[in-house]
Each structure stands twice: as C-alpha cells, then as structure tokens.
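Listed next: structures, encoded as structure tokens.
Each of the next two complexes has chain A plus one other chain: chain B in the first, chain C in the second.
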Partner chain A sequence: MSTYIPSMDAPVEEPALYGLLAEFHDPQSLMNAANVLRKAGYYRWDCYTPFPVHGLDKVMGQRPSILPVVVFTVAALGCIGMLALAWYCNAFDYPIVVSGKPYWGLGPHMFLAFPVTVLASVTTTFYATFIFCKLPIFRHPLFTSERFRRATDDGFFIAVEARDAKFDLKVTSELLNSAGALAVEEVRD
Partner chain B sequence: MSVSDKNIVLGTREQIYMERMAPRVMKYAGGIGIAALIAAALLGLALHDSMKQFLCSYLTAWVFFFALAVSALWFVLAHHLFKAAWSNVVRRIGEAVSNNFILLAILFIPILLGMKVIFPWTSHAFMMSGSELRHKQLFLNTPFYILRMAIYLGVLAAISIYYRRMSLLQDQDGHVSRLMRLQKHSGWCFLVVCWIMNLIGVDLVMSLQPKWLTYVEPLYFATGCAVTFFAALPVITRCFQRQGFLPMVNKEHYHDMGKWLFAFVMFWAYIGFAQYILIWYGNVPKETAFFLFRQIGPWAAISIALIIGHFLIPFLGLISRWPKRRPGTLVFWGVWVLVFQYLDFFWQIQPAVYEQSQKVQSAPVSGLDPYKLLGSADKMVWMPLHPLSLLISLLCVVGVGGVFVAHTFYLLANKSLLPLRDPRLPEALAVESI
Partner chain C sequence: MTTIEIPQTRLETGYDNTAEDCINREPLITGEATYHAVTKIVCATPEARRAPKIWYVCFTISLMLLCVLFLTIAYQVFTGVGVWGNNSPNAWGFDIINFVFWVGIAHAGTMISAILLMFRQRWRTGINRFAEATTVFSVLCAGIYPAIHVGRPWFAYWLLPYPNIMGDWPNFYSPLLWDALAVGTYSTFSFLFWYFGMVPDLATLRDRAKTRTRHTLYGIFSLGWRGSARHWKIYDRGMIIMGGLACALVMAVSSTVSTDFAVSQLPGWHETIFPPYFTVGAIFSGFATVIALAIPARHLFGLKDLITERHMDNLGKLMLVLSSIVLYIYLIEFFMAYYSGNIYERFAYYNREFGPYWWMGWAMMFCNGVVPQALWFKKARITWWLSLPIALLALFGMWTERFSIIVTSIHRDFLPSSWHMYSPTIIDIGMFAGSFGLFFTLFLLFCRFLPMVAMSEVKSILPQSHTHLPEDCKDAQ
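Let's look at the complex of A and B:
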C-alpha cells in the first residue's frame, strides 16, 4: 500500500486541482471506502466501476431520482394533450363523418393518445437523463489520469472533487488511504 | 450439498418443509370445498332452471382455477426459458400449483354432463339454423369437444408433471443435467402451453356464443389466465412467510413478482382494448354480438368497472418502485387483481350462457337493436346478477378453490419449498432488483 506524499516543489503555472482519485482492489473495499466517505460528510464525490455494483448507491447515500415523477407527469400531459387536440380537431373545430362513426369516441382516439404518451415518456426520459447527468460533457479531468483507464476494465475508483466543502488535500488523502486505497493520486484539470 | 451452495444459509428444516401444516390445510380446505360445492349444487337445484345457473357459476370457477394452474405452468416454463435465477425461491410454489391439471380434468366432468344446458352448439337443430353455423359443426361437436379437452388437459398435465418431477429428482441426486434438460425442452413446451391457453379459450368461452366471430378473444382469454398466477404468487408467498416458511424471500423477490404483475396488468388492458376497438371499428353484427349485452344496464357497469379496476387503479398503484418492494402493498394489489380477474371471467362467461336463449341469437342480422330487444321483454340476461346466482357463484369459487388448495398442499407436503440443489439457488438468494 503506497502512501501519498504531497509534492513540495509544485510548478508555478500548475493546472487547477480537480480532486483526488483513489484506486481500490475490489468492489467490497470500494464499498467500505464509500461508507467511510459518506460518514465523513463528503458530498461531491463519485464511484467508478467496470460493472454495476449492487448496493453501492445505498452505501453512497444517494437519494432516489426524481426522474420517474418527471416522466410520469409529462406522459400524463402528453396523453391528455393529445386527446384534447384530437377532440378539438375532429369533434369541435371541423367535424367530419367517417364511415358513420360518431365525431367523438374515446376508443379510436386512444390510438393517438397511446403512442403520444409513449413518445412523451421516452423523449422525456432521454432528455431528462441528459440534463440530470449534466450531459453532454466533451472532456473530463479524470481522463487525464493514466490509471483511470482501468475503470472500464478491472479498476475500482473513487474520485473526491476539490470543490467539496470538506476537501483538504492532506486530510482527504489520508482518509482514502486509511479506507484501503491501493493508490491515491491528484487529478489536475 | 454441492460446492456452489456451501456459503449460503438455507434456514432450518421447519422453514422449507411443510410437515405439520400441509395435512391440516388439506383437511380443512378439502372439507370446506366439498361442502361448498354440495351447497351450490343444492341451491342450483332449488332454482329449477335445469342447473343452468349452477353450471354457469361452476364453469366460471373452474376457468378461474384453470387459469391459476396454467399460468403457474407458464411461470415455471418462463423460469427455465429465460434461465432465470431469482424465481428459484418461489419455483416450487409454481410447480405445485401447476400440477393440478388431473384434478381439473376430474372437476370438468360436471360441465361435460351438463353440456347440453350451457353450450348451444350441442343442439343439432340450432347448428342447422344458419349457414355459418352449419360449417362450424365440423369443429363444434360433442365428441370432438371432449377429445380436444382431453388432449389439452392431458398435454398440460404431462408437461407440468415432467417439470415438477425432474425438479424434485434433482433435489435427490443433484444432477445438473436434469436442469439442462428442462431448459432445453422449455422452448417448445412454452409454445405448446401458449397455444393451448389460446385454443382452450375458444372452447370454454367463445363456444358459449357460437355465432360470435372475433380474432382476439383467444388471446384475451390467455392474457387473463396469465395475470392470475402473477397476482396470486405474492399472496401465496406472503401467506407462507406469515406461517414461518421461506424466510429467505425478501423485498428484492417481491419487487420482481410485482414487475410481472404490473406487466400483465398492462398487457391485459392492451389486448382487451385491441379486441374492443377492432369490433367497434368493424361494426359487423356477428362480431358486435359479444358487446351488445355487455354495454347495457348492470353489465355495462361491470364493463366500466373492469377498465377502471383491472387496469387504471392497479396501473397507478403498481407503477412506482416502492409498492412492489413492500410485501404488504403488493399482497393488496395481488388480491385486488385476483378479484377483478375473476370478475373478468364472470363477465366473459355468465352473460353468454344466458344470451343463447335470447332473440339476438336467432334474430335476423339486419335491424338488430339490442336496446329494444333488452329494454322490456327479456330479463334473463340479468340472471347471473341475482343475489341467489351470485351466492352460487361464490360457493362455486370456494368449492373448486377449496379442492384445488387441498390438492396443492398435498403436492407441497413433505417436499422442499426450495430447489435445494439448483445451481442458481445461491444467485437467487442474493438477487438485487433495480
């Protein structure tokens, strides 16, 4: 286990510090470290794993997303809106008799309302996910780290951002080391 | 124990073997069931309608429990087809419930005895009354009907017994090859079961109105069947847990059961709507015959109640994550959907039995006005909603259900509630739902 030694002779025009990147050996040690970080009161940090680790969101203390509420609301509005539009066009503004059917019927207009509901929920899910994840991001400071490439293969990482209120280069790196990190490195933007 | 399950805790013997509870349940459920059936038959005799209401109620109850068994088989086959892991913890329940086809075949005998009362195509004169009916006689005749039912129930019984027996044998010898064989055969078995679920709907429901033509009713019937077990599964599992069995079933498993239930509630509504809208658009008399009686008076109220109670309310109730993860709420929705699924079969079968004696069946196709036909003269179509008829229907459900439950517990007794040597059992115990 290596220990982090802050460099004393930093260059003058050094890029801004993004945060600390800690590597862990396996999902279990990552979970333990996430537990330690959450209990220490850190807020701006994230875990990076090559595959979904069950229970990690609970250990990280993440609250459920509001995405379902947003999607349901927009889908319901889409359904009602389409029915209202169909009623306005076919039954109110310009009624036409089609094969002797009544101008207005909930049944046939469900054909319109159903796909519009689906379309509304799908597009809302897609774009709301983009917005909630702050996408698109064209570059990210973590990709400057050579070590971080293993996050898509066999590496388990925690990155604590420098803008976190509790962030302190020395204290945080010691915390990560004591939580079982294999290596801790600074990431600069 | 094989190597893979050395790290898991399966609980004590009392938690996976129903040694003391099963005989007690068999005694009480069987006794109550037979008593209820006798009471229903006596009430049916008292009505002096040549047992029509009793047979009609009995058929509804039989169809409901047939649906439970066939969808349990569907669940077991789907488990093997998808190589699912989580459902291992409740697979034995599905295997036991699906092994009731021989019992159901015996319970079908009263319906065969009373065929002439409820199936209009048993009358030769009726089948000769129209050109389209004359052609249908090739399919709708008594010997072929009995042969078909024997084949359907026989094939379902064979598949369900094979799947249960192999699974139980694996508990003894632990051969993974048994599981592999079950998985290999699950494809075509699944297809055959789906066909039978559709085809038997033609015989049990559509043939009550031989003049009626539709393409969706078999699928609608099959979908209704499939809903049943997924509504019953959380209820059964929770009941077992309250008695101290299966402590390893947790909210992750309930979440998965809830997803199945939600999916089939949606699918039922989708197919029901598909059938209604095709008939509405076509507006052809021989297709609309089904909905004529069902959009007037109390039957219209039941039609609307089905849309709201079988789809809208459970849809809103189950759409979120938390109701599926809380066993209490999921059991509530399971019971709710079971009640409405029974109502759905009630709505499909009971007006049809009385409709055949109505003018609609013999009236010329043109100039058919159901409102005039039903307005004053014939009140027979409301018969199933008479309090006495409803009581007979209730007694039939209790009766067939009691015998069904007794036989299911007979199958569960002294057999492990978990497939102990299934290689995916550890995965099932550790499953997490997203």
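Let's look at the complex of A and C:
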C-alpha cells in the first residue's frame, strides 16, 4: 500500500477561486455585456479579446493612460541632455575650432538631439507599456482555463475577479448569463 | 426583399480585389474571413513540421553566404582595410555603397508600419510585419559596414563621448557621428517596434502550442500577454506613439546619412537636395524589396488571402510614385549642374553619364526612372512575373545609384594627376554577397518560426470587428 496520506500539518487546500470566466460570441455582444457589468457596479473585472476592440475602454470606464506624459517627459530630458552634452564637450570642457565653425550651434546639434530624443521615447514607450500592463507575468490563473486559450485566437471573454466587493458566485454568474454569455466557468488559481 | 449584390468582377476573377469602387468597397481579406481562419493561415507555417523544400534550399545557400561574410570580415579585421579595393582618391568604395544600399532597404518597413498607420491605411495590416522584418534585418546588414570600416573595430567605442585619458571629446559637428547615432537609433527602434507589434501574435502561437518546448519559448517571448482590454488600450497608445516617432525618424535617418556626403565640398555630393533625395531613394528601394519578398512568400506560404492582389496593387502604385520622384530628382541634379555655371559641378555630372562609369549612370536612370513607369499599368502591378523583375531591377538600380554617387564623384578629383579608377576586390564582393547571406538567413528563420502577418491587426479590420457603443454608455467614464 503506498497511498499518499497528507499529514495533518500540511492540509490540502482547494485552490482559491480566482473568479468567473464568461465567453461571448462576438465583439459587439462582449461590449454590451461589459456595459451591463459596469452599470452593475463591478470594479475588478476585465475583457479579453484577440485584437483591440475600439470603444471597449469607454464602455469599461477605463481612464486614459498616462503613457504619453511619461514618454514626453523622458523625450524632453533626452533632447535637453544631448544638447547639454554637446555643449559641455565641444564648447565648455575642451573648446576646439573645427573648420572655423562656432563652438556651439543649435542647427548641427539638432542632428544629435533628434535621434537621442527618439531613442529615449521609443525605449520608454516599450518598457513603460509593459510595466503599466504589469507584464511580463508568466503565471496567471486564467492560463489554467482550457477555454481561455482561445482569447488570442477567436474568443471574446470577460473575467470577473472573486475579490471584487460585489462578487457573488451565483449572482454574478446569472448576471453574465443574462448578459448573453455563451458559457460561464469558475477559474481557480 | 432585397439581396446584396456582389460586384461581378470579384466573382469572375477569384482573388482579384483590386477594383476601385467607392460604393462597394472590395474586402481587404479574401477567402474565408473569420478570426479563426486568419489564425490558421498565419500559424500554419510556424506550426508545420516541415517547411517547403525550397525553404531548405534557400536556407542552405544563405548559410553558405553567411559563412563567406564571417570569413571575409575575419580576414579583413586580421589583415587591415587594405584588403579592399579602396585607394586614393577613392577613399570610399563598396563599404559605403553597401551601407547606404542596406540602410535604404530598411526604410520600407517603417514607412509601411508608421506612415501608413498615421494615414489610417488599413491595407497595411497584411504586410507590415513582413516589411518590418526586412527593416530589422537590413539595418543589421548596414550596421556591419561602418563597424568594420573604422579599421580597428575594437576601438569603435572611441565614437562615444566618454571621459578619457586624453581629456578630449568627439567632434559633434562631424556628420559621421550624426550618422552613427541616427543608424544606431534606427536599428534599436526598428527592432523594438517589430517585437512590440509581435507580442500578441506570439501569445497566439503560445496558446496553440502542442509541445512543451514551443509553449515555453513562445511563452517567454510573448511576456504573458493575455489580450486584456486594459492592456490593449495602453498597448494601442504605445503603438501610436511609436508610429508617430517613426514617421519623423524614417525621414531623418537617410537625411542624416546624406549629410555624410552633402557636408563635404565635393562636386556631386555638395548639394542641398541630398536629404530628400536619399530618403525617397531609400523608401523606393525598400518598397522594391517588400514586393520582391512578398511575391514568393505569399505563393510559398499560402498567404494569398491575407496579402491579396490589392496589396500588391497598392505597393506597385506607391513604388510608381517614388520612382517618379526619384527620376525628377535625377533630372533636377543635371539641371542644377548646368544652371550653376560651375565647371567642376558640370564636369561631375557630365562624367557621371559619359565618363568611364557611364554604364552605371545609365543603369541607374533606366532601372529606377524608366522601368518602373510600367507600373502605370494595372497588369504590371498585379502580375507577379512582371512586378518581380521590375522590383529586382529597381533594387539593382538603387545599388548602381549609390555607386554612381560615391565612386563617380570621387574618382575624378580636382587635380587630374590624382585621378584613379575604382574596382572592388574579391573580398569586397565576398562581403557584399555575404551580407545577403545574413539578410536571408534571418529572413528565412523569421518566415519559418514567427508569425509573418500581424494577426491581431488583420483581425481588427475584418468587417465583423466593427462595433458600436451601447446607447447608455455615451456619458460613461
């Protein structure tokens, strides 16, 4: 007999409930259901689509991202920083006459400031986007759902998290069903 | 009872969705236009157990050429730049010609991804990934040349402004420094933009993966993307910012490259038209590359429903526009040389068409200015055996253009006593052939293992993706 008996000090817990996952047929029915959820006062929920559905952010009541502000700030710093570097090197620390040109000239130095501005903004956009999305993350409760694999193919999903104040297994699943869900399933972590 | 009338032309010609009819817009995607069909078509190649036979043949040849590249570079680094055909006064030869050639090719990807994104050209979704890949790989090919041109590449860091024992700094007035920065920025940018756009599609491949290895690898590179609407919003904004920056950058890179020439005081180089001249030429050669690669790829990998004849038609039209601008600039250059009244300037242009390298000058005129005029005809734009040779000739033409600009301008110096002809050595030629090996090795690997078409973007332009806001959420926030 080699049946595994869990010891008393390591109790087997049932995986915690992450929330409810509802599948919808198309972007429009997803959007309508999102509207229902927002009006019902849910806070911790999200839609999952294979491509950006325009207007969904408005229906979900999502605030505009601060990404542009962050990128602009870094870009401006990059631009000023490069001009300052060129000034420091060629006009302040080691002034040297080359072809009789002035030590400092905004025109030619823009050739340097511009690429640095772009470089700063592009790298910031890249990293800030993923940081704001809280990515990379390689383990997520939704990845345990077989059905959810289609969220990157042709599935349209809404997941309501269990930690939402209004979440109730029965009420929420009825709400999702009445909002036109094709299927509703529990997701456990 | 009403029935929807399908335009007759579409039924008759099968794939043809090129008809211009404002009332009945032809679909951008032909065949079965469902989300799953798009996924299936694009994932078919990365998920196939074996690539088409021709892929293995091409890949073997590319790998051999890549070896040639490594060998020639190693030989050059250990021996010195004397192994090249460069001489005095021809201080610049194949190294700079090929650098400018590859940088030029790198322009189409950004043009298609960024400028057409800003103009909301929805047809770009079929070809943008593809074009971005050509950008990333050709910038890489371009980057080799300046790196080894410095002669002692292990001192390449001297270009950077760092505090050193001599207490001196780089001269920020030097166009070569601008050039290094512009190309460095461009390569970083194009790689990030390409990868950024690919993350959702890598997630698709991860979710469809059948084996553990594939699941892990695609999983790592897709960063755990799960298609969250909150993520999509930030991501979309990031895409627009990157696209907007790219519009300016794509104009700036070749302009900066052109200052390497324009800032000098050599007849044939010292011209104010150079920045737009180089930029247009670059985008022109980039489009030629995209056409030349898209034609075999859509046949080989079954992408005819996503990269349709309409795409080829539009690409052909853009190439025609660019070719016409290029031709105009050629003619303006000759006119300005005549009009300037400067004997050196006049001689430089006379020499370009009637000097010892006359055949290069005429080849550039013929391949870039005359041959693409055939694209006025729709048949030439959508028939592969017509548009492919036109694109390849344009690529050859753009290479001869760079040869003409560089070599014919410097091989006849101000003093006839220093006149000297230029001819490449076998190392020069091997290096150039090798750079094609590098490009095609990477491109073939991309075709085999990565999503060649931006699935999420194509899905967003399907008719069923169109949604409207529910009535009672207009004031929501």
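Quick note on the criterion: the second predicted complex is superposed on the first by the 177 of 189 C-alpha atoms of A that agree within 3 Å, B and C clash if a C-alpha of one lies under 4 Å from a C-alpha of the other, contacts with A are read in each partner's own complex, and residues count from 1 in each chain.
Please note the rule applied: a residue touches a chain if its C-beta (ideal position, glycine included) is under 8 Å from a C-beta of that chain, and two chains touch if they have at least 3 such contacts.
Here the structure is a predicted model, which is why all the values come from computation and not from measurement.
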| item | value |
| --- | --- |
| Fit or clash - chain C, chain B, common chain A | clash |
| Contacts of A:78 with chain B and chain C, given as first, second, both or neither | neither |
| Touched partner set for A:55, first chain B, second chain C, both or neither | both |
| Contacts of A:19 with chain B and chain C, given as first, second, both or neither | neither |
| Which superposed partner A:68 touches (first chain B, second chain C, both, neither) | both |
| Chain B versus chain C as contact partner of A:107, first or second or both or neither | first |
| Touched partner set for A:141, first chain B, second chain C, both or neither | neither |
| Comparing the two partners chain B and chain C, which touches a greater set of residues in chain A | C |
| Touched partner set for A:47, first chain B, second chain C, both or neither | second |
| Superposition clash, chain B against chain C - the stretch among 187-195, 223-231, 241-249 or 403-411 that is involved | 187-195 |
| Where chain A meets both chain C and chain B, residue numbers | 52, 54-55, 68, 101, 105, 108, 111 |
| Chain B residues within the chain A interface of the complex | 273, 276-277, 280-281, 283, 319-321, 432, 434 |
| Contact footprint of chain C on chain A as seen in their complex | 26-28, 31-32, 34-35, 38-39, 46-63, 65, 67-68, 71, 85-86, 89-90, 93-94, 96, 98-99, 101, 105, 108-109, 111-112, 114-116, 118-119, 121-123, 125-126, 128-130, 132-133, 135-140, 142-143, 148-154 |
| In the complex, chain A residues that touch chain B | 52, 54-55, 64, 68, 72, 100-101, 105, 107-108, 110-111 |
| Residue numbers on chain C that touch chain A, as the complex places them | 34-36, 39, 161, 167-173, 175, 177-178, 181-182, 184-186, 188-189, 192-193, 196, 200, 203-204, 206-208, 219-220, 223-238, 241-242, 245, 248-249, 252, 256, 259, 455-457, 459-460, 464-465, 467-470, 472-473, 476-477 |
